[in-house]
Each structure stands twice: as C-alpha cells, then as structure tokens.
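Pasting the structures in now, so scroll down.
Next come two complexes built around chain A: one with chain B, the other with chain C.
Moving on, here comes the complex of A and B:
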C-alpha cells in the first residue's frame, strides 16, 4: 500500500519541478543583461530594464508592512488574549471568511472605496491600502495559531510571578517570535505576488518616472508581466519572461527562509 | 519643532513639484501611447506620465469617476456613457488621433486569401461552423473563431460593422487581448480572429475583406470596409469648460496631434490622422 503514496508524491514533486523549471529557465539569461535591474524600459519595453517595477514592488511592500504590522498584531493579540471565547470565535471565522474572498473582489472594493469615495485616485496609497485589507486577515488567520500554541502553563506561571496583563502578553509574543516572523514573511510574499487587487487601484503598465508622492501610480512586477503579455508584441516578451523567472526565484527564496525558520523553532 | 517645520517643508516641496498624468484605456491604442509618453517625458521632464491599457470601456469609466486624466479609446462614446456624462455635468472632448484597420487573421497554413463580410457574419453568428462551408476546397474541420472580450473597443466596432446588431454566437471564444489572439491563431491551424492592423505579425495571415487588402492606402481612402478612427478623450469640465492652455493635459494633447506625435503613430504600425511633415 505504501508504494501508492510514494508514487503519487513523486509524481507531484516531478510535476512541480517541471513547472518551476519551465518558468525560471526561459527567462534566467535575461537577468544577466546589462542594465536589467538598473534601467527603465525603453521603446515599448523591447529594450532597457525593469528598475521601476522593482522599486514599485518594494515601495508597495514597505507600505503594506507598515500597515499590517500594527493592525495585524493588535488584532491577533486581541483575539487570543483579550476577547472572550464566543467573540474570538466570531472574529476568527470573520478573518477566515475574508481570507477566502477572491482577490479581484478586494480590487473592486479598493477601487470604489479608496480610489473613488476617499478620492485617492489611481495611486500608491490606494494600492497599498487595498493590499493591506487583503493581507491583514491572512496575517491574523495564521498568527492566531502560533499565539494559541503557547502553552497555558507558561502564561499561568508568568502571572504567578506577579506579571500584569501587558507583561504576560509581551511574554507570549516573545515566545512565539519565530512563528510571527514566518507569518509576516508569508503575508508579504502573498502581497508581493498578488496582481488583481492592484491592477485597478494603483498599478499602471508604464510610468515615465518613479513615483515621488503617495498619490502617484506605480509600476509593479506582477502587473508589468500582465501588461507585456496582454498588450505588447513578440519583441517585448523577453522582459516578461525575465520578470517571471525573477519573481519565481524570489518566492522560492521566501519559502526557503520560512522553512528554515520553522525548523529553527522546532529544533 | 524646527525639525518638524523643515520636514513639512520638504514634504510640501515634493508635493508641488511636477504633475502626474494618468492615462488609461484601449488595448489597441496602448502601443502608440507608450511611444508618446516616452517621447513626452523627454520634452517635459517635470511631468510624470503613467499608462495602463485594459480596454476602452475601462478607460472611459475611469475618466467618468475621476481616476484618470486621459482615456484612450478605439470607439466613440456609447449612448449610455453620453447620458451618464451629462448627468455628472462632465464634458468629454473626443480627439481623433489615428486610423486603424481591423485585420481578419487566420493561420498561414490554411489555404485562404479572401473572405467577405457576409461570411464573417455567418461565422460569428454561428450559422457556419466548418471551413468547407466557407470554401469547398478547404478541409472539413470546425472553425475555431476568437473574439476580443466585451471591454474592448475593437469588439464594439466588430459588433457594429460585421454583426450589425446581431448577437455573438456562444461558440465564439472571448480573449483578453490582441496579443492573445495572435498567439492563439498562430498555434491553431483552423482558427480565425480579428485584431488591429498594428498587431499583425508574420506568424498570422491578414485576409482580404470583400476583395480589398488591409493596407494603409486602402484604409485612408476609405475602401477597406473594416476601418475605424482611434480616439483620445479628456474631461473639459475640469477646466470650467474652457480649453486648457498651460497644464500637462494641454501639453500632452498638443504633442500627440503634432507632426512628431503623429510620426510615432506610424511607428507603432497605425495610420496617422494628421500630417507627419513639419
């Protein structure tokens, strides 16, 4: 019976490897073109580099990081430490539901709320707020498990030593540090690779300059791939291939870091 | 306190420095617009121009809700859009910036040279489903017909000029972009699709329509039956319904209608609406 499981696992592994190689290999040689990381795209993206897309993605990640850290962390702590049992179940299922909403719905919400109602327009700030709306439930959903895993005896012991509620919470966070860190990395990884929510709220296919204000639109890696594949001809496709292989490599790196951190925590 | 004042001054300086031009809309106009803003940047270094191309309807609705400054479109405003525009007290100025022929494309290995509007009508309404019904010499194979999705301006023109108000058959496969159409047709021997002339590559073959070849000359003379003007819209109500003189939108429009701008239309593979000579 064992061989059935082994066989299916190997099949899936091989398939995944093939998919990853098919994405990474065709584009990898473009990463070594001179100026690929430092230049603006030129003449309809047939020449030049992907500098603005990288900067845009990083800016977006930085903003998402700033918004998600306080809100996500406070929400998680409230659910595990302060809310009573019934309320925390309600909140957690709410976060779970929000987590399973398709990302394009977040995009439409962001368009009508941040861009039009609040008047931010197509901008960096609308895109990062939309992404954060999506990333916070994702963060809470994963982080709650790590805080819950802190043993009850540890909390009781700290309280017995005379710590107040704030100090107890601090201890709980400290002891699940690795878990929270992996969750944060996963959240940023998800926000990094998401296309649909930013496509209509803040990303543009081509900008002549880097954004200087929060109200400027921005170019990002995933939307640039979409733009090139959808709008431009054969001569520009190399850039999309290069970006796809770069993004896949980054995602592999992120997941490797997460695995290492997890092992660290267990061992 | 002094530090705070200094910081807020820096932020203010950044805020007033330069303008940002947000351009959205047509997939068809996208390649022209990209060349335009690349050149525009060199002429006006203070202005940042950004471009997105998800379809004519997307651009016009973005102009309506104020999330873009300029909308590219491969069709004129629809009646519903004009109504909504009046309701919101807006005034969109249409500028014809280029002409484009819609090329009917097939795989080069399929032995066909010419097709009539009537046959196209029958294919896209689902009355003809196999190639030997088009021409008895062709193989008896099902026609894989592709169309652009409903956000596309090219699709609207196709509805008007080929389908003449009739509904598209559910057999037709809708594709997201012109590039996707070219790829599908170049891979499938029995495919047919339509796309802007600027997108045609040597992977696919553009057919004669009603016996007339899709060339620049035939489009300009009005002979080619599937041709259309391409538009750029901007909102005049932002300037109290006065023609803007000195701002980024005015500079951009002056540039795209100038001989230099029109030369870029030619470079992108479309037909300039105005002279390219100085």
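Moving on, here comes the complex of A and C:
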C-alpha cells in the first residue's frame, strides 16, 4: 500500500517539476537578450522587447499596493480590534465569501461599475480598482489570523501602561509585521498573476505609447501573453515564452520570500 | 482631545470594513441589474442550447455551455480529489520531514504559476503532444482538464494535508493500540479530517468552475456538448473572456453576458454557503 502512495506522489511531483521547468527554461534565454526589457515590441511582436507590458504591470501593481494597504489594513484592524464578536464573524465570513467569487465576476463588476457607470472606460484606474476589490478580501482573510495570533497579555500589558486604542493597535501591528508582510506579498502576487479582470477592464493588446494618465489603457504581462498566443503566429511566440518565464520566475521568487519569512517567524 | 482622536480612528477603520461589505453587495447588485434586460427580453430562451449572439435574430441559449462547464468541473474535481487525497495521505502518514518540506515546497511554487501561463503551457506544449497522439484538435476537453488539475492540485493537497495534520495524535494512537493496520488508521484519520477535506474539494470545484484563462485558451471554444475526451468545448467563463472585449455596452448581448456572470456568481455563492454549512455540520457530527 505504501508503495502505491509513494509512487503516485512522486509521479505528481515529477510532473509538477516538468511543468515548472518547461515553462521557465524555454524562455529564459530571451530574458538576456539586449533590449528585451527596454524596447517596444516591433514588427507585430516578432522583434523588440516587452517594455510597455512591464511598465503597465508595474504601474498596476503600484496602484493596487496604494489602494490595498490602507483599506485592507484598516479593515483587518476593525475586525480584530474594534468589532464585537458577532459583527466580526459576519465581516470575516463576508470577506471569505468574496474570496471564493471567480475572478472573471470581479472583471464584470469592474466593467459595469468603474468603466461604464463611473465613466473611467478601459483604463489603468479601472483595472487597478477592480484588482483591488478582489485583493482586499484576500488580504483581510489572511491578515486577520496574524492579528488574532497576537497574545492577549501583550494587548493588556500595553493598555495597562496607559496606551490608547491607537497606540495599542500600532503595537499589535508591529508585533505581527512578519505575517502582515507575507500576506501583502501574497496579495500582490495574486493580483500580479490575475488576467481575466484586467483583460475586461483595462488592457489593450497593443499600445504604441506608455500610459500618461490614469485613464489610459495599459499593456500588461499576463494579457500580452494571452494576446500573443491567441492572435499571433509562431514567430511571435518567443516573446510569450520570455514573458511566461519571467512571470513564473517572479512568482517563484515571491513564494521563496514567503517561505523564508515563515521560517523566520517560527524561529 | 484624546477622545476625539479615538472616535475618529474608530470611524476610519469602521468605514474601511464597511467598504468591503458594500463591495460584495455592489457586485451582486451590478451583475443583477445589468443582466435584467436579458432576463426580461429573452426569458427562458436563455436556457436553450443555441448561442448565436451576433446573428440577425440573435440567440442567447447558454444550456450547452453550462452543461460543458459542469461536466468539465465535475470530472476535473474528481481527478484532483482522488490524486490529492492520495498525495496528502502519503505526506501525512509515510513521508519523513525532508520529503514533506521538498514536496510541499514544490507544490507551493506550482500554485504560484499564473493561470494565463498554464494556458500558454497547454497551447504550446500539451496541444502539439495531443495532436501527435492522434487527437484531431490539440485544444480540447482533455487539455483543459489537465491544465486545470495542475492549477488546483497544489491547493487540494495542501488543504487536505493541513486538515490531516490537525487530527489529534490520540485518535490515531487509539486506533493503533487496538491493533488497526496503517490503512485502517488512515481511514479513521480521513473521517476525522473530513470537514477540512470537504472544504478543500468544494473550493477546488469553485475554482475550476470560475477559472477563465485556462478554459479560454485550451478548451477549444466550440459550443457543442462534450461527447469524448478529445472534443473541443466552450465553458461559460470562456465565452465571457472572449466576447466581453468586443461587445457594445448595454446591448442585449452585453446583458446576456452579464447574465452568465450573474449565474457564475450565484453558483459560487451557493457553493460557498453550502460548504460552510456542511463543514459545520460534519464538525458537529464528529465532535459531538
């Protein structure tokens, strides 16, 4: 019996390793091409680089970062420090429920609310607001555990020293900063790899210039991969390979950092 | 002065939390109100089998896509469930510490691969292999199901592994002490970990049902009911992904697409609520 289990496990492990390697290796040499990161794509994406997609993804992540940090953190603080028990259970299960909604549904919501009703159109701001709507519940869901894990005695000790609510909260955040950092990195990683919502709310397949205002549409890494594979021929595929390799390497980096942080926390 | 600051702080955090709750209601509201036009004008026609949104007399039947979605999801979750349980049991019962760390680490990396990259992988690597093996198209049910399994397996494994690890040591020791073999002990542990595993399976189901990029890229996109493993199919989410970019805002087609989204939302909410209910019920059943 043991050997059946072991065999299955190792088969899956090898399969997964093959998948990772086959994604990273074919594209990795393009990452060292001169100009891959600094040039615009040329002659229908058969030449040049991925500069606009990188800038688009970075801008998007920066905006998501700016929106998610305050709202996510304050929401989490309210749930763990201020709400009474029933209310915090309600809010937490709301966040849990939102976390399980398919990402394309967020895209639809973003399209109808941010793009059409608020009139932002297909733009950077619509895409980042949509991504943030999706990322905040994810952040709260994970961060709540870390704030809850701060021992009661610590809170009581700080209050006994005469700290007010605000100072107590600061202390709680400080003592769970590793966990919060992990959560933040994972949240950004998830927003970075999400495609469907951006595809609907903010991405264009080809832009000749960089976005200069918040209402400009953007090119991003994931949507460019999709556009190249679906619409362009074999000659452009090298660019998608390079981008897939880049995105996967970034995600592996993110998860490595998370694993290190986790180990650090456990001593 | 201090009092005012405290009230201000409290109201800021309160607003942030309420915004989250408002977002959920906003999502439900916007998806429903945008799909209202299709519900009013097409009525039960929405559940016929023909989807021809840009014809002279357009048809908006989603039945075939819905069935394809359900079949694909059920089949893939079943595969993921079986393999996931086996791997989780191996990690829990047999693997040593080094093995556990290595295997879970690799799976965590896989769980980080963006779904669009997995779709790309399905097109560039799996599809040509399938063609060589004799399938008449590389983008088909099998390919989609395979890539979806790669996407969700790490998730299934780590969730069921965690709930197996939470089974109290006394339970398995008690089973061993009355002479149970390793296999029977595993059955006992599985039973105890059931709430967590049910939760894992339902989440996997939910994720596969709502996953868009992979099915959009590798499922083939033909609106026919799947009859064999190598038939191309088009699930609900693939239609959303491919048609939303080009549709005229507030047209009937737009509204019909929102109806699909609304359906996805409702199904996902039902699954989530059901999961919570079942998990709580099983927990009570086990722990008395």
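We adopt the following convention: the second predicted complex is superposed on the first by the 255 of 267 C-alpha atoms of A that agree within 3 Å, B and C clash if a C-alpha of one lies under 4 Å from a C-alpha of the other, contacts with A are read in each partner's own complex, and residues count from 1 in each chain.
Simple rule for what comes next: a residue touches a chain if its C-beta (ideal position, glycine included) is under 8 Å from a C-beta of that chain, and two chains touch if they have at least 3 such contacts.
Quick caveat: nothing in here was measured; it's all calculated off a predicted structure.
S.K.: Both complexes share chain A, so when I overlay them there, do chain B and chain C fit or clash?
M.R.: Overlaying the two complexes on chain A (C-alpha atoms) leaves chain C and chain B clashing.
S.K.: After lining up the shared chain so the two structures overlap, which partner does A:106 touch, if you call chain B first and chain C second: first, second, both or neither?
M.R.: Second partner only.
S.K.: With the two complexes superposed on chain A, say which partner A:78 touches: chain B (first), chain C (second), both, or neither.
M.R.: In the superposition, A:78 touches chain C alone.
S.K.: Where does A:217 make contact in the superposed view: on chain B (first), on chain C (second), on both, or on neither?
M.R.: After superposition on chain A, A:217 lies in contact with chain B alone.
S.K.: Answer with first, second, both or neither: which of chain B and chain C does A:199 touch in the superposed model?
M.R.: Once the two structures are laid over each other on A, A:199 reaches both partners.
S.K.: Looking at the overlay, does A:229 come into contact with chain B only (first), chain C only (second), both, or neither?
M.R.: A:229 sits against chain B and chain C alike.
S.K.: In the superposed arrangement, which partner chain does A:208 touch: chain B (first), chain C (second), both, or neither?
M.R.: In the superposed model, A:208 contacts chain B only, not chain C.
S.K.: Which of the two partners, first being chain B and second being chain C, lies in contact with A:28: first, second, both, or neither?
M.R.: Neither chain B nor chain C is touched by A:28.
S.K.: Tell me the contact category for A:121 with respect to chain B and chain C: first, second, both or neither.
M.R.: Only chain B; A:121 stays clear of chain C.
S.K.: Check whether chain B or chain C contacts more residues of chain A in the superposed model.
M.R.: The larger set of chain A residues in touch belongs to C.
S.K.: Contact-wise, after the overlay, does A:244 reach chain B, chain C, both or neither (first, second, both, neither)?
M.R.: Second partner only, chain C.
S.K.: Kindly point out the stretch of chain B, out of 44-52, 116-124, 134-142 or 170-178, that overlaps with chain C after superposition on chain A.
M.R.: Once both complexes are placed on chain A, chain B clashes with chain C in 170-178.
S.K.: Looking at chain A, which of its residues have contacts with both chain B and chain C?
M.R.: Overlap of chain B and chain C footprints on chain A: residues 111, 116, 199-200, 229-230.
S.K.: Spell out the part of chain C that touches chain A in their complex, as residue ranges.
M.R.: Residue list for chain C touching chain A: 2, 5-6, 9-10, 12-17, 19-21, 23-24, 26-27, 30-31, 34, 83, 86-87, 89-91, 93-95, 103, 105-121, 123-125, 150, 153-154, 182-183, 203, 206-207, 209-213, 216-217, 237, 240-241, 244-245, 249-250, 257-258, 261, 264-265, 268-269, 271-273, 276.
S.K.: Which chain A residues qualify as touching chain C in the complex?
M.R.: 1-2, 4-6, 8-9, 12-13, 15-17, 19-20, 22-23, 70-71, 74-75, 77-79, 81-83, 91, 93-98, 100-109, 111-113, 116-117, 133, 136-137, 140, 164-166, 169, 189, 192-196, 199-200, 222-223, 225-226, 229-230, 237, 240-241, 244, 247-248, 251-252, 254-255, 259
S.K.: Can you check the complex and tell me which residues of chain B touch chain A?
M.R.: Against chain A, the touching part of chain B is residues 14-15, 17-18, 20, 22, 24, 27, 30-31, 34-35, 37-38, 40-41, 48-54, 62, 65-68, 176-180, 182, 199, 201, 203, 268.
S.K.: In the complex of these two chains, what residues of chain A are touching chain B?
M.R.: Touching chain B from chain A are residues 42-45, 111, 115-116, 119, 121-122, 199-200, 203-209, 211-213, 215-217, 219, 227, 229-234.
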